[in-house]
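Structures given as structure tokens follow.
Here subunit A shows up in two complexes: once beside subunit B, once beside subunit C.
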Partner chain A sequence: MDLIELKRINKQYENKEKVIEDFDLNIKKGDFTVFLGPSGCGKSTLLRMIAGLEKISAGELLINGELQNDLPPKERNIAMVFQNYALYPHMSVEKNMGFGLKMRGIDKQIIKQKVTDAAKILNLTDYLDKFPGNLSGGQQQRVALGRAIVRESEIYLMDEPLSNLDAKLRAVMREEIVTLHKQMAATTIYVTHDQTEAMTMADRIVILNHGDIQQIGTPKEVYQRPQNMFVASFIGIPPMNLIPLKNHDGKYYLENAELSLKDDLGNQPLVFGIRPEDAFVDNAAPLKMKVTYIEDMGADRYVHGLVNGTKFTLRDGSNNDYQVDQEIGVGFTAQQVSFFDQVSTNRVEANLWK
Partner chain B sequence: MEMKASKRQLLLFVVIPLIPLVVFWIIPLIVSLWLSFTDWNYISPTFDYVGIKNYTQLFASQDFQQAFAHTAYFTFFSVVPIIVFGFLLAVGLNKLKRSYKFIQALLFAPWVTPLIGMSIVWGWIFNSKVGPINQILHILHLPEPQWLTNPTAAMWTIIIVTIWKNAGWAALFFSDALAKIPSSLFEVSDMEGLSWWQKIWYVLIPLVSPTTLFLVIVMILECLQAYDQITVLTQGGPAGSTTTLLYLYYQLGFKQFQMGSATALSIVILVISAILAYISIRMSRKHTYY
Partner chain C sequence: MKKVQKIQGWALFIILLIIGLLMVYPMIWMLVSSVKSANEILNQPLQLIPRSFHFDNFTNALKAAPFMQWLWNSAWTTVVIVFMQLFFSSLIAYALTQFKFMGRNVLFAIILATYMLPSATTYIPSYVILGKMHLINSLIGLVISNLANVFVIFLLRQSFMSVPKGIIEAARSDGASEWTILWQIVVPMNKNAVLNATLIGFITNFNGYLWPSLLLNDTKKQVISVGLNSFSNTQGAFDQTFPIIMAGTTIAVVPLIIVYVILQKYFVQSSKTSSIKG
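And then the complex of A and B:
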């Protein structure tokens, strides 16, 4: 039995369209699951329904096999971390962390011990007397994490906890949260729109769009084998290049170059996909790109351009100079190619000969 | 950026606004202070300097001591309910999904209506024979107090009118302060299992405390300056039972023509107000944790 089961969950606000429709998902104990999607995809709503902060319009939420739909948040044994930290400004760090336990009538000595332990883990020992207003964003989020871990809940929910922090601090906190998750042997659901967080932290990513699951998989799976064009273009910076193929007499053409497929797909209209790092400059190749922009990231250099009007990006490892408007040939690694159906946008299993 | 103001700017933004302040506040204040050491009777062109006699007489007089006690009583029993009702009204108001603006306007109405006029209406409402309050009490077979002629009841009549005038206004301030509390704080308290009462006690009240402090001070000053409702409803009576310090000042100065004693009393009221203002500033510094 899985720890958390969502069965045909629906969410509909009064007189409005359904935000989430017939959503199914099982989450195993100890997993670090990330809900990833663009804003408005319903990921936060899902999280808040699991927490009990939003009513479930229809469907069942089970935790440990028990129905949770009508339980108030406090009876779900869940701790949550909010995007804006949600610390009480009138309480010291110590009081903030211990407040939930105090309200549950736990003995003062035990609270003190737990808060001290959590503060040690989170490097907050020197700040216990301070007020949230005197802490930096990163420290405030640590306090919010501390407040969650002293509860020793089974389940931790995190709603974009790092999005108010600067890039450098985010990288540090990503590592801390993953370490914490392992130390606590916790089950964590983490909501973000930031794919870097999803890729680096998740055991399993659930990619959402318009309230529907687009793909569930490990970071590697969703990156290497995107199940549809939404995932292909959502995951990866820069995203996967997608070019519609032409089809004459049962043969597929990438612009003017014929592609020889191992599989017989009839005349199914296809889109060709290749990640920027799997494409390279090869002036002998028949596929031509007109350079529009060079993006030097230090470690990597991306060459952006147009292939017959369609945007295309490749990662270039050479030290060659390219000029805007220059025409270059593009080669790619045949094993790394993805295909999608032009109409349904779903992944099509097909392989190239070479 | 040039931070020093030019002479023209100084004139425009500092000196000109200062003129009414000097004419209507600072000069009268100095004159009052000076008059409080004289025996001027408000009418004669001549008067003598009497030193601190007005003050010693004032502090020794029973009228002053009584008025001081009445003022303290009136202030305490007005301010506490104003704050409590104002807060509860605001909690209710912020739960409303509809008619929010309408109710807000209703709450604001007593504050903007001239109290002189409203006090006349209240005088009728509290009339012990034909007033609706006693008629209702009569139907319910409850005791019917002589609202305006019994000394204890008269003070409470003044207090009720004062609460009626100010509670809605206080509610608007509380409503604004409550609306500024981020909703995630309430969600956290939901997750932590706080009851409705615990949320009020541990979250709402501490978080609106700067507003509470501000309102307490403003309301105390409002009570120190209460005049309209007293002059219309009771004229300080019966038997001086609703005579506050300010009303005593009015009686001394404009009924008994002891302008020297009256101005001495006004200086005492000013000192009390100044002390309260000082305390409020000190306390609000302590309370700014965010």
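And then the complex of A and C:
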């Protein structure tokens, strides 16, 4: 039995269309699960239903096999970190962090001990007497985390806890959260629309769009084998290149070049996908790209261009110079290509002959 | 430019000073008169510093009427009323702002509508109801008829609305009950509005005249405002009893001033800390 089971969950806000429809998901004890998806896709809604802050319109939520639908938040052993910290402005950092324990009637001495320990982990020892308004964004964020971790709950829910931090602090906090998760081995659901967070932190990523699960898998799986074109274009910076294939007499053509597929797919209309790092400059190749601009990131250099009007990006490891409007040949690693159905946009399992 | 602004500033200051003096003048007159002799009070021009201090005006006043009893009646009813009003209004304001229920807006509209009602129109029904409860001529009746106050509800409701939803939810998932959230999170976060309501409630109820004068008959059961009025009415020959009346009035006003000064300090404090805390 999994720790958290969502069974055909539906959510409808007052007189509005359904935000979540027939959502099914199981989450194993101890997993770090990331909900990843664009803004407005229903990530917070899902999390808030699990926490008990939002009513479940239909379906069942089970934790440890027990139905939770009608339990108020305080009767669920869940600690939540909110998208915008939500610290109590009139309480000191220490009071903020200890509030959840106080509500559970824990002995004052023990609360103090736990808060002190958590403050040490989060580097907040010097700020325990301060009020939230006197702290920087990063410090407030850590207080919000601290408030959750002192609870030592079975389940942690984190709603974009790093979204208000600058890039550097975010990287530090990512690592801190992962370390904390390993120490506590608590089941965590982490919501984000930042794929770097998802890729670096998750045991399992749940990719959402419009309230539907697009794919569930490890970071590696969703990156290497995207189950549909949404995932392919959502994951990866820059995302996977997608070019519709032409189809004549049962043969597939990538622009002018024939692709020889191992599998017989009849005349199914296909889209060809290749990641920028699996493509390279090869002027002997039949696929031609017109360079539009070069993006030098320091460690990596991306060459952006158009393949017969469709945007295409490749990572270039050479030191060659390219001019805008120059035409270059594009080669790719045959083992790394993906195919999708043009109509359903779902992944099609097919391979190229070398 | 700078100079013009400076002159404007000074002009404004002087105008405000004059208005301010005009407003406190009766108060000063009262305070000064309360220690003057009867003859000196009506002397023209008015002298701010009395020639001789007649503190016995106060002892005479206390002998002439049960001021202390009236003060006590006013004080405890006011404290109980303000406390109860804050208590009940907090509950209603919390429900109006934090719970979703059918007819919430209608309920608030009805509450506001009763605010539009002139309070005099409620005297007769209230009197009849209190009569049925055998609470006429009773301070308990005065308290009960003042348990709800629309203005306080409105003030707290508007203020409670500014509490971010996320903070309430954080408290809920921290395991706090709605009761705890109200008293430990929402009310402290709205300290200024609560203090405002306290101050206004204190002054309104301490100075309340018409309703208590209708409700209470016994001399012993009067509140200070009504008692003071009947005292000055019964003293007859005005000019000779002016000092005693002024002493009585001063006795009546002092508690208000004390409350005001105390709460004012809190006001300054809370606005200071809230600006630091951002």
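Heads up, the rule we're going with is that the second predicted complex is superposed on the first by the 354 of 354 C-alpha atoms of A that agree within 3 Å, B and C clash if a C-alpha of one lies under 4 Å from a C-alpha of the other, contacts with A are read in each partner's own complex, and residues count from 1 in each chain.
By our rule, contacts are C-beta pairs under 8 Å (C-beta built on N, C-alpha and C of every residue); 3 or more make two chains touch, one makes a residue touch a chain.
These numbers were taken from a predicted model, which means no experiment stands behind them.
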Superposed partners subunit B and subunit C on subunit A - clash or fit: clash
Comparison of subunit B and subunit C by subunit A residues contacted: C
Contacts of A:302 with subunit B and subunit C, given as first, second, both or neither: neither
Partner chain(s) touched by A:73 [first = subunit B, second = subunit C, both, neither]: both
First (subunit B), second (subunit C), both or neither touched by A:322: neither
Residues of subunit A contacting subunit B in one complex and subunit C in the other: 51-53, 72-74, 78-80, 82-84, 86, 88-90, 99-100, 103-104, 131-133
Complex interface listing, subunit C residues touching subunit A: 164, 166-167, 169-177, 180, 185, 188-189, 191, 276-278
Subunit A contact footprint on subunit B (complex, rising order): 182, 184-185, 187-188, 190-194, 198, 202-203, 206-207, 209, 289-290
Residue numbers on subunit A that touch subunit B, as the complex places them: 51-53, 72-75, 78-80, 82-84, 86, 88-90, 99-100, 103-104, 131-133
For the subunit A and subunit C complex, residues of the former touching the latter: 48, 51-53, 72-74, 76, 78-80, 82-90, 99-100, 103-104, 131-134, 147, 151
